[in-house]
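Please find the structures below.
In what follows, chain A forms one complex with chain B and a second complex with chain C.
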Partner chain A sequence: MSSLPLLEVEDLHVTFRTASGPVHAVDGVSFTMRPGSSLGVVGESGSGKSVTARALLRLFAITDDVQISGAVRFDGQDLLRIDERRLRDVRGGQIGMIFQDPLTSLNPLMAVGEQIAESLRLHRGMSRSEAASEAVELLARVGIADPEQRATELPSSFSGGMRQRVMISLAIACRPRLLIADEPTTALDVTVQAEILLLLDELRRSEGMALMLITHDFGVVAATCDDVQVMYAGKLVEKASMAHLFDRANHPYTEGLLRLVPRFEDAHTGRLHPIPGQPPITGGGGSSCAFAPRCSHAVDRCRSEVPPEIAVGPEHVSACWLAAERAKDTTDAGHPWRRTP
Partner chain B sequence: MSVLEVDDIVVEFDTDAGRITAVDGVSLHLATGETLGLVGESGCGKSTLARAIMQLVPMQRGSVRLEGTDLGSLSRRELRRMRHRIQMVFQDPRGSLDPRMNVSTLIGEPLKVHSIGDRTSRAKAVAEAMELVGLPAAVADRLPSELSGGQQQRVGIARSIVTDPAVLVCDEPVSALDVSIQAQIINVLDELRDELDLAMLFIAHDLSVVRHLSDRVAVMYLGQIVETGTASEVFGEPRHPYTHGLISSVPRADAESAARLQTARRLVLGELPSLLDPPSGCRYRTRCPYATAECAEAEPAPEPVGPADGLHTVRCHHWRTIVSAAPEPQESAPSQELAI
Partner chain C sequence: MGMQETTATTAPSPQSRRGRLLRWLPDRLAAEGSLGGLLLRRLRDGVIVLLLVVTVIFFLAHVVGNPALVFAPVDATDEHIDKIHRQFGLDRPVTERYWEYLVDLSRLDFGESTWQQRPAIDAVTEALPSTIYLTVVGLGAAAVLGVIPGIVAGARARKPFDKASNLASVAALSVPNFWLGLLLILLLGVQLGWLPTSGRFETASIVMPALTLGIVHGGRIFQLVRSATFEEMSKPYVTVARSKGLTEWNILRRHVVRNTGVTTATIVGWEYVRMWGGAVFAIEYVFAWPGVGLLTIDAAHRQDFFVLQAAVIIAGAFVIFSNLLIDMGYQFIDRRIAAT
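After this line comes the complex of A and B, so read on.
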């Protein structure tokens, strides 16, 4: 695997101007992805994880009054600075996207095969007949039975899981080098979710594309991603390999998220541990740790200075003033979120 | 003694495409202070079953007994008088609250509807319900739109407990909420059950949440209960291939996550069949890797696993042989070692 980054995001800021003032949805986010790698982005609603993904492709509604700064280098070009026409080539071309609700991204009045073929003609310059047969091929690749027949059907005749497969076939039609999946399985039943996660993982390996998966569920990340980053109030608060995070979650917010949900393997183990309070509605941009008001470990410094990203292990950083101390604790005494009786 | 006894319920619907049997002979029971988790994929009939128990949809067959009274035998008026003893919590807190009523009016409404108490006692009951669900007195005058999602669901729960019910039916009460709010609401339900000795039917598609809250569990597939037992029996030692597949599908934050999904894929094949044309014999056979000719011919009856009077039953012709052939037996072992 090449170590040259495929995607390099540097100091990304996204600010929405709203009637009630500016919202710093993304507040200085930097990260890189290597070709073929897989990255999970985890956080609560409003943490800025979806806005980060949309900002990479400048996918905002016309009605959004939005300001983006920083750099998004993809394959040598800064996506924030190229013109709209070239950006359209990247969207759906080198970068594919899938969303939680496939119905909002599929044309309800057009047969799914035609929609895929249209994208193939547009981005890969195929002829009408080439594109039509490649569309059938793609539907087969994402596990849709009887693809010739199904290609002629409208999105409404597909079940939720099958519709998400159609969406995935559309997203990979142009052999993207990066696939961004924003909560792709949240609306699906658990058995269908399992299928879709396996499919994404297999496609990533067979097509050699990188995968950025946005979710609130660490289990989903564990099943599909090698690396994980946790967002809070528009900032990346922790980055690590998923394997490393199992044992050594460092940031108190990450720890809180992991302890928040009942784990299937635990029978009833008493009450859950909700994180008190709520995320700030104005996003980041403050002069303190944004998590400090909800953090049971916070000290004075947390309330007066923004913590930098502190290295706590190989390719593991935590934006917490107590990171070094906490790293020592987790290696010494096993991990706090592993709730031993 | 069972506070709720559901016996052999059948619910049929006419749809544009034909008649479907959404609930197909379901029986269950609930004791005071007990939580029964009901799991299954969308369309399996779990919400319809809940509505049938609440007498909100007509049943073609079967009975629902609440504290010994057959609800089906009651006149509308008598039924209305019983209703305060069985209440429901819905998925979408916002959609189930009248946007023009303030919090205390919303919570007091069921008391008014059921003509329970006078003004003073109602006000007291409302204040108590608010405290039980963790709503500060300061929000009493607010409208639903002025509340957070978590507070709205707390209002929904307060409304359902204010009439002092014996049974609470919760239909996906946390699935519309953000994860951090989910944990709060799960704790509220957990505390209420202990505090008020409620019998709870808890319907959710999130198996981790169901396992966390439930004493017993029933797994539904195409209108039938295919396996039931204590939560540790059903989730720890699943006997039905569908139950095993469901459990393996749950993504867990550990290193075996991806391998487990492969198991799920082997145990749950293809797509959910249409209720318009359900499979003959065993409902699950079209998706089951163990299905044989027998499964297409005869419908399996619920059989006890272990002692005949035990709670663990399974509806599968082959459960005895599947046990030994279970793809990953280590999965059904207790997972203490994972927790270290």
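After this line comes the complex of A and C, so read on.
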């Protein structure tokens, strides 16, 4: 708890300049991660969670007209300010990343072993043959049977779940201190999802890496993460420990998301509880609470002033004008996803 | 299917063997997956196209036009023309003449050149190597001018180099090729006096015509390679490669080019065929390059129908054959990739 933070993000802003005007995809996000900790970032599509992750490593396409400001302190250096060469040492070396779609994340014309070995040779200075045998070991490590043979095969001969395992072995190849997983299970079958989450959790513990898991699915976070933060329209609306959040969700948006997780008890009534309306497409940057138009609790103040992050408990903040009074009201919701220690 | 044919070891009676042979071709043609079947289908299509070309030429010359008029002097009387008509056997039925024409062509007999006083085919086969030489060097120039800048521009889309090279390529492919040739003659030949302006008398003679072809066709190759590279660069695996810490150069070299390679080879192949479809003829004329193009234009001027006909048919056959080779090459690479 008291150790120095591994990652410290301070007032991160990411703005895309597009033909139809600027989009504030990330609008003043601050958070920290301790070494070996696990953090879930939850939000709908377009909430800025993926952009936040990409901004940490400045992973944008050359055609993206993007402006990043703030600070991303990792291991004593600000990743937003170091030069390209040092940033490349961090990418893949200190911070590994896994992406949503395992079908398109691997080069279709390069043997998977070679794709893993590429990282090893670059960051760990291994020879061609050392890297090749280490790649085989990594494939075995993520549960791929017959790894010597599989290493020589192209991604097309792997199933979706197997490709995501390959992707994970690639991301952890250089023993990064932080692993960022951007919707790693979204494109997979439910049964495979569980296996991949289990693998990530197991690797985090055994390798001592920190894990940042980005998802729209609270179920995924509940299974894997100690801490959670909820994003909406480019802002963090609520931060808490996992157990705390499920018991005492404060922000109306978090509450809405939690209600979206289908409950077994509701199965016979067939009732789901969608949040009415759509998130804003231009991201944040307004002068009101971005969630106010969809919020059933909104008062006048919500529509005229941006709510600050208000502490509602130990290591629990909520960006809502009603946070304080809601904190008193919230009782144990008895949610089925609540963690049992 | 192939197995059945080879494993039938009992001595076949002549009849069943003939039956098998008759079945073999349609079976091969229908075999969707096999490369051999594809080759046969493409060969069949090529023969059909060539036959169409040959037929169109025949009917243009013999039915729409009157060959006797071509040979008769301007002041010939009607009797004189009739005499030529009979001499050439043009009074016989069209179907008979068409059949004879096909038989002659199958023996590579394209008739006598009235201008050069020798078989028309000789004039064409003499000119053909020059044209092949020019198109191959021209394609090399087009590939160098198109592929490398295309890859760089696609990888650095919307950056200054991309914008500048894009503009240059649009200019290159919009400019009429003969005009560009004349411009080069003026600049490199007349003004600077660096290069010979016409004919094929020394090694350097190839430079200007090949450069002209290279610029015009390189423009289109550039456009296609650039967009293929750009599209490839926006694929998720490129972001993954970036997240591994690879330099942009290594991403391009190790990942992107590997994936755009087949497309690039196909684009360059198409461009070669396209060259035969026009540009090379105008360029040969501008630079007095002694190839099939110049021969065709000269033959047309001298009303030497047989040389014209031989040049069109042989050039046509060459294009059809090149197309087939490119297509097969592409299929072969593609299947090998799919198989690994």
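Please note the rule applied: the second predicted complex is superposed on the first by the 321 of 341 C-alpha atoms of A that agree within 3 Å, B and C clash if a C-alpha of one lies under 4 Å from a C-alpha of the other, contacts with A are read in each partner's own complex, and residues count from 1 in each chain.
Note that contacts are C-beta pairs under 8 Å (C-beta built on N, C-alpha and C of every residue); 3 or more make two chains touch, one makes a residue touch a chain.
Because the structure is a prediction, the values reported are computed rather than measured.
When both complexes are superposed on chain A, chain B and chain C end up sitting side by side without clashing.
By the touch criterion defined above, A:A61 lies against chain C but remains apart from chain B after alignment on the C-alpha atoms of chain A. In the superposition on chain A, A:V29 makes contact with neither chain B nor chain C. Of the two partner chains placed by superposition, only chain C is touched by A:D89; chain B is not. Contact with chain C, but none with chain B, is seen for A:E118 once the two complexes are overlaid on the shared chain. In the superposition on chain A, contact is made by A:L170 with chain C only, not with chain B.
Taking chain B and chain C in turn and counting the residues of chain A each one touches, the greater count comes from B.
When both complexes are overlaid on chain A, the residue A:T191 reaches chain B alone and has no touch with chain C.
Within the superposed three-chain model, A:M97 lies in touch with chain C and out of touch with chain B [touch as defined at top]. Of the two partner chains, chain C is the only one that A:P108 touches; chain B does not reach it. For the pair chain B and chain C, the model built by superposing on chain A gives 9 Å as the shortest CA-CA distance.
Within the complex, the chain C residues that touch chain A are 155-159, 233-237, 239-248, 254-255, 258-259, 337, 340. Of all the residues in chain A, the ones that touch chain B in their complex are 44-45, 145, 159-162, 189-195, 197-198, 201, 216-224, 243, 246, 257-258, 260-269, 271-275, 278, 334, 338-341. Remark: chain B residues 41-42, 148, 178-184, 186-187, 190-191, 205-209, 211-213, 231-232, 235-236, 245-255, 257-258, 261-262, 264-265, 268, 270-272, 335, 338-340 touch chain A in the complex. Interface residues of chain A facing chain C in the complex, by the touch rule stated above, are 57, 59, 61-63, 88-93, 96-97, 99, 101, 104-110, 118-119, 122-123, 154, 167, 170-171.
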